[in-house]
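Look at the two complexes coming up: subunit A is in both, with subunit B in one and subunit C in the other.
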Partner chain A sequence: MTTRTPEPIKDLTELKAALQLAVGLELSTIPVYLTALYSIKDGTNTDAAQTIRSVVMEEMLHMALAANVLNSLGERPSVRPVTFRGNQVSPVPVYPYTSPLVSGIGELALRPLSTEAVDSFVRIEHPYHGETDPAKIKCPKGGYPTIGMFYDAIKAALESTKICKDSDFTGARQVKATEYYGGAGELIEVTDRKTALAAINKIVDQGEGLPIERMKQQAKTVTDEDKLGYGWQMYSHYARFRELQTGRRFRSTQTAGETPAGSLLLVDYDAVQPAQFVKLNGDITGGPEGAALNEFDLAYTRLVDDVYLAFSGAEKKVENKLEPSGKQSKDPLPLAVHGMYALKNRAVALMRTPIPSSPKHTLCPRFHYAATEDDRKKLRDTAQQMRGQSR
Partner chain B sequence: MGNSTPPTPKQIFAELSVELTGFDRAELAGTGMIDTYYDTLLRMIGEREAGQLLRFASEALDKDRTEKMNGTAFRPAVIDSPRFGPVAVSLIKLWYLGMWYPLPAVYRDLFGSTADDVGHVVSGQGYREGLVWVAAGAHPMGGKPPGHGSWAEPPSLLNPTP
Partner chain C sequence: MSNPDYDLVIVGGGISGAAIAKTVVEQSAKNKKFPRILILEAGRATALSADKYDTYVEAYHEALIKVPNSPYPASASAPQPDVLDIRPLKDAHGKPKIGDQGYFVQKGPMPFGSDYARSLGGTTLHWLGTTLRMLPNDFRMNETYGRGVDWPIRYEDLKPYYERAEWDVIGVAADVDHQYYPGIEDDDPKKYFRSKNLEKFKNGVYHFPMEEIPSSYLDQYLAKHVDGMTITLPGMDRDEPDHEFTIRISNTPVARNSTPTTPDYKVVGAAGNADRGQRCEGNSSCIPICPVQAKYNALKTLYELIVRYPYQLKEGEKEGQRARVDIRSQCVATEVMHDDGKVTGLTYKTYYDDGFKPTDHTVTARTYVLAANAIENATLLLASNNAANRSDQVGRNLMDHPLLLTWGLLPENVGAYRGPGSTSGIPSFRDGDFRDARTAFRVEIGNWGWNFPENTPYTTVLDLVGGGEDGKAQFYGKALRKRLGEILPRQFRIAWELEQDPEARNRVTIDDRYRDALNKYRPVIEYDLSDYVKASLPWAAEASRQLFAQLGMAEKRRRPTYETGDYSHYDADDASVVQYEGETYCVRGAGHVVGTHRMGDDPTTSVVDSHQRSHDLPNLFIAGCGSMPTLGTSNPTLTMTALALRTGDKIAEELSK
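== the complex of A and B ==
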């Protein structure tokens, strides 16, 4: 086992690259949780669905928070590969995904709600990703063993006046808290060093970068800012997923490190679509089923593009036949939100559709981001071909 | 679908539905309504009659496929048939609107009827998954919300994915 100490961030360029990857890191967990959430059959597993949904909402918040910090430092969030310590890293993952940046989380796979899926959620959100000692986690060259250490490095860099001067925080292109958001926590506009650190702390408080000391604190105690209007208090993702994993709620006196011993949380792993992930070009699923998978990927691609376009402060040109020019400029953020609703409907539909060669299983969304125009054309063309196959 | 094993009645029903609705197999399966509508058909015209419909439909579709007849076998066998045509029309409405429309009096006079054959909404999911919404590029009111402000966008059909 190599015990390499994670490197501190050395300058502003490296900090910006790390923040680009932080935006991507937050994005990368969302499809993992969404696949489980959307596999739940309508009207069943209400508590499990609510738990997963609440975490997904906060991951979206974290992505926006990381983007706000990056934007404030004058860099536009982008899907393009980032050079980080000599490695080319793509911020948007392809599943199954092993992060080259943070080794502890292991492989991120897309699975319907199952005990394996929930185990992996707990691993992602645990401070040491399931290990007792972070020194046991192999540290990749230039990377970090845990998400916590990655964010610690970002925080240390943001605190250092040598790495970023006060004047480096421009407050540019902030996604504002006035945009509707129904989850716990609040979007922070980053205008200076203090708000930048507050934004990173918010990510860490709620989520994956949870410090190990929290395991000795009450599982359900959180800061007041994370109280929702109707009184529900946010508590850490780890504690929420531990409850799912054990099928029990934490009692209010328990610490996060204990095994939940409160009331039962009813999870029914049978009321779930038997979706089976097949990667792009893995097992050729032709016919209309293959076309539906491609169309999902195209819809996801458009959604990711819209989100990044919104973060980069750009307008989106959309077709509108009612305009004299045939084009209209729109704010891409609401378009991205509409894309999220549409994506849900597509995902649910896929997971109801049997795989022809293995009818006991249903299709599983691939969340494949087609990075280049060539990739997109290929998805479109093969979709058209496959659709023709059984008409 | 392989040639070795004969298709199950439900598979034939799905194939018949593809032909009647213009939506493909995956789109229909994606609604999650195939099982429900198959059961509805059996309830409305009885198993014996449904068996006959599926048999004639399956033979005609096979013929269209193997002899490349482009629907010329299916149309007279099902759509123009006084016995199966009205059932096919009710099935189309069922897929598009999520509601069973009773068979016409002319049909009942000739082929009889079942007590269940009255106009009714088959299920809440049937309403949400009605093909009419997809065909119109719209969404079912009160179900499948498309997001705040989406009403300012052109219908999704005019605004396809990238």
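== the complex of A and C ==
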């Protein structure tokens, strides 16, 4: 067996496909972190919740940054499967998810906050995904061993005037800096090569794809761009999750590669809902519980659609009885924000509801994106049936 | 005094004190001066850390009756008024009775219906966040209408400070084009808001730092049904013709985070947790607490001060290189010491939560500012050997916006109980020639159903569950939820907020018999409404009738039945009942505590000058809503903040000398 090495991106078409997958890659970690975040019982684990929440918000920022780069190159972000080096890859994952693009991340699973969950977070955000040498990670066909290498390839392509000309950066359909909020730093509007590279650098700098050299730098190093209002500073995702994993903060003098030895950061793994993930069609949960799981998936599907609709610059028709036509056009981005809050409420409710056949556990949101209208109809129809069931 | 402890001591860690401190620091820096500032706060500082703020949110969730102060724990050492303490000020035989069960000692004849919070951050913790500017005529009531008194400054004088308050301190979300006010030049909001700051606003075209908070579905529903309708209100007698008002639903400027209008504007999130609260999330609990701090509160400004200008010098820092701000909570000011026409020091008591006895302290400064609530400022001055009171106006002219509530059940679902407490109003009655005979009023459209007048949704649940005489529940389970879903989203209420005129008899005094646990004086309040105010009650009620009729709610109804109609009613045994021309009304307090140390040019009729400086004690500034000579119809916090900025500039100028 020969060792495969990651390939550089060869042309603009491939770059666009890679960026489509980058948008999806950023999206794919969000449900993993949200499941842990929403499993935390109200009023407990404040530090853990704040850490996870801050990382989620940066993943959202990264998703928008990748979308801005893609849009600037004239391509609309889409949930449709992408052909990348001969493989059909869906940008939106189904959990548990093993990325065909980046092998080092391993399986992304939805778990409540637990030591296993935190271990997996550290693995996702480590430059070599927990390995000492990236050569030890098998490179998938047409893909990359690490997220860092994937973004390196994108950066190299963006730098290359052969792959993209200056005139290829159109600055189309940008999500504006004023429209992104919630900490995490500022959204960059991509109008040219320089801002495109700045956008990718920002993704890499905060989170996944962190260069290995950074492990030798101070754990709490932040770049200027990560300095938020009032001197609020965010260091790398890896360092933040390492603090959760070890139960201690980094000292300001420590490097990211060391074991945190600062003040205690207590995580109470018992103050967490015992949610248990069961994949779609993989269980016998019917009744209102089954219906609630389906309804969550439908809400998540709508949210993902709204986000992508916003990225594609389209408006959305929504009901408004006060309009003569009964319909009104709205910017889908704020609608998606509504969807995010609605999703949280649903997730928290699910995780408080015992599984009828296994009452020690509670329901776990599936974050199942129903890609086709058929899938959606099936979710709706079965939800309706299950709502009617009584026990 | 050669070596004072501080350059500036501020009593009260609310928005006025915070805005003054921030302004003094920033303006002094321009002259390379770096003052040392002490802020004394009577209440606790709990909310300044983000996770402790959450304990307030929990207290709110657990409170059975969610009044403005319910999230904020009271302390015997710094007690605060609570609207739940309001009782009728008459005994069973109809004889006057003093109400002293709460913090206030209410001597009547009407109870003063408002409260405030004694906690770091002050009453901005539970304000609604309405940030309307005053109208030009509000500053010259005597000149224009022969009522009240005139301000020593005019709208145009205060305008640049309004702009700074909206941008630099509070952060206001609004759209100039959607402000339909009477009494402005050419009825044109662009002219009313036109800025002289041409550097910041091209051609003087003003815009707010953030886009307006979207009007609620209810607002849009009302706009569709009543925009443009004429309301006709009768004159008092045959000589006075009818008055006509055109209704226009106007989106209200608010201190609530939304999308910045320019990338240069940095939205300020929660104190100590900057990534929260960067946008209003529609949690629908602005009063009593915004759980994410998307609504401005003074903690944000105070937090900025202690992070940027900590009192403690860091290693290698030298005195005099930067400003230093010290905030001490649980410190109750007890006396402004004064001698020979100036303040010589300030005494305060510090109380502790661990059983230690309160300790006494004295602090000195070059300049002193009282920036507590208007009632607290007055109480402190009166307790300080009648300080700054040559005019005998300290404590007098106490004002509020008495509210008349009207409420009804609309024929359709309008989505009540969603979004901020109010997103729009009807400004039509805020100014006009009728103000010579009766007071102006603002109309606030409430988004939260009948929670204010009827304590819904809880009472509606009780009505539906019933029980009745036979003890049988009428609705439960799915049927209950369905019926609630049919009723609650149709509940609608309006607050008619009446301008109160200044009267010397409405006053705060002190009395040796009434003191708190620290032996500090409790405020003794005498309060009533003038006929000038009362004359607007029938007008507001009549305007409401016409508006409700247009909306299909003409029929008079009462709980516990629920049908489309007008549910407004006023009980004669209510604590805040007002009888006027044979009709019974109830008025509520708006939490707008104003007027106890009014400003003016004449030291014999006013307490402070236009910079809020005491006429009698020149090194003392008495700041806050207490300085307002008249109230107008706008919620006073924005105006108070603009005045604080003007005062801050003045103090910085003097400290830089």
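Observations on the structure shown:
Throughout what follows, the second predicted complex is superposed on the first by the 387 of 391 C-alpha atoms of A that agree within 3 Å, B and C clash if a C-alpha of one lies under 4 Å from a C-alpha of the other, contacts with A are read in each partner's own complex, and residues count from 1 in each chain.
Everything below uses one rule, namely that contacts are C-beta pairs under 8 Å (C-beta built on N, C-alpha and C of every residue); 3 or more make two chains touch, one makes a residue touch a chain.
Keep in mind that what you see is a predicted model, and the values were worked out from it rather than measured.
Applying the stated clash criterion after superposition on subunit A shows that subunit B and subunit C collide. Of the two partner chains placed by superposition, only subunit C is touched by A:57; subunit B is not.
Contacts of A:324 after superposition: neither subunit B nor subunit C is touched.
In the superposition on chain A, A:341 makes contact with both subunit B and subunit C. Of the two partner chains placed by superposition, A:86 touches none, neither subunit B nor subunit C. Once the two complexes are laid over each other on the shared chain, residue contacts for A:179 go to subunit C alone; subunit B is not touched.
Applying the stated contact rule after C-alpha superposition, one finds that A:301 touches subunit B and leaves subunit C untouched. Legend: residue contacts after superposition of the two complexes on their common chain; A:352 is shown touching subunit B, with no touch to subunit C.
Of the two partner chains placed by the overlay, only subunit B lies in contact with A:289; subunit C stays clear of it. Between subunit B and subunit C, B touches the greater number of residues of subunit A.
Residues 322, 337, 341 of subunit A lie at the contact with subunit B in one complex and at the contact with subunit C in the other.
Residue ranges on subunit A touching subunit C, taken from their complex, read 43, 46, 50, 53-54, 57, 176-179, 181-184, 228-232, 322, 337, 341.
Within the complex formed with subunit B, the subunit A residues making contact are 42, 180, 287-289, 291-292, 295, 298-299, 301-302, 305, 318-322, 334-335, 337-338, 340-342, 345, 348-350, 352-354, 356, 363, 376, 387, 390-391. Across the complex, subunit A is touched by residues 51, 54, 58, 217, 220-221, 224, 259-263, 266-269, 273-276, 278-279, 281-282, 303-304, 307-308 of subunit C.
The residues of subunit B lying in touch with subunit A in their complex are 1, 18, 24-27, 29-32, 125, 144-150, 153-154, 156, 158-159, 161-162.
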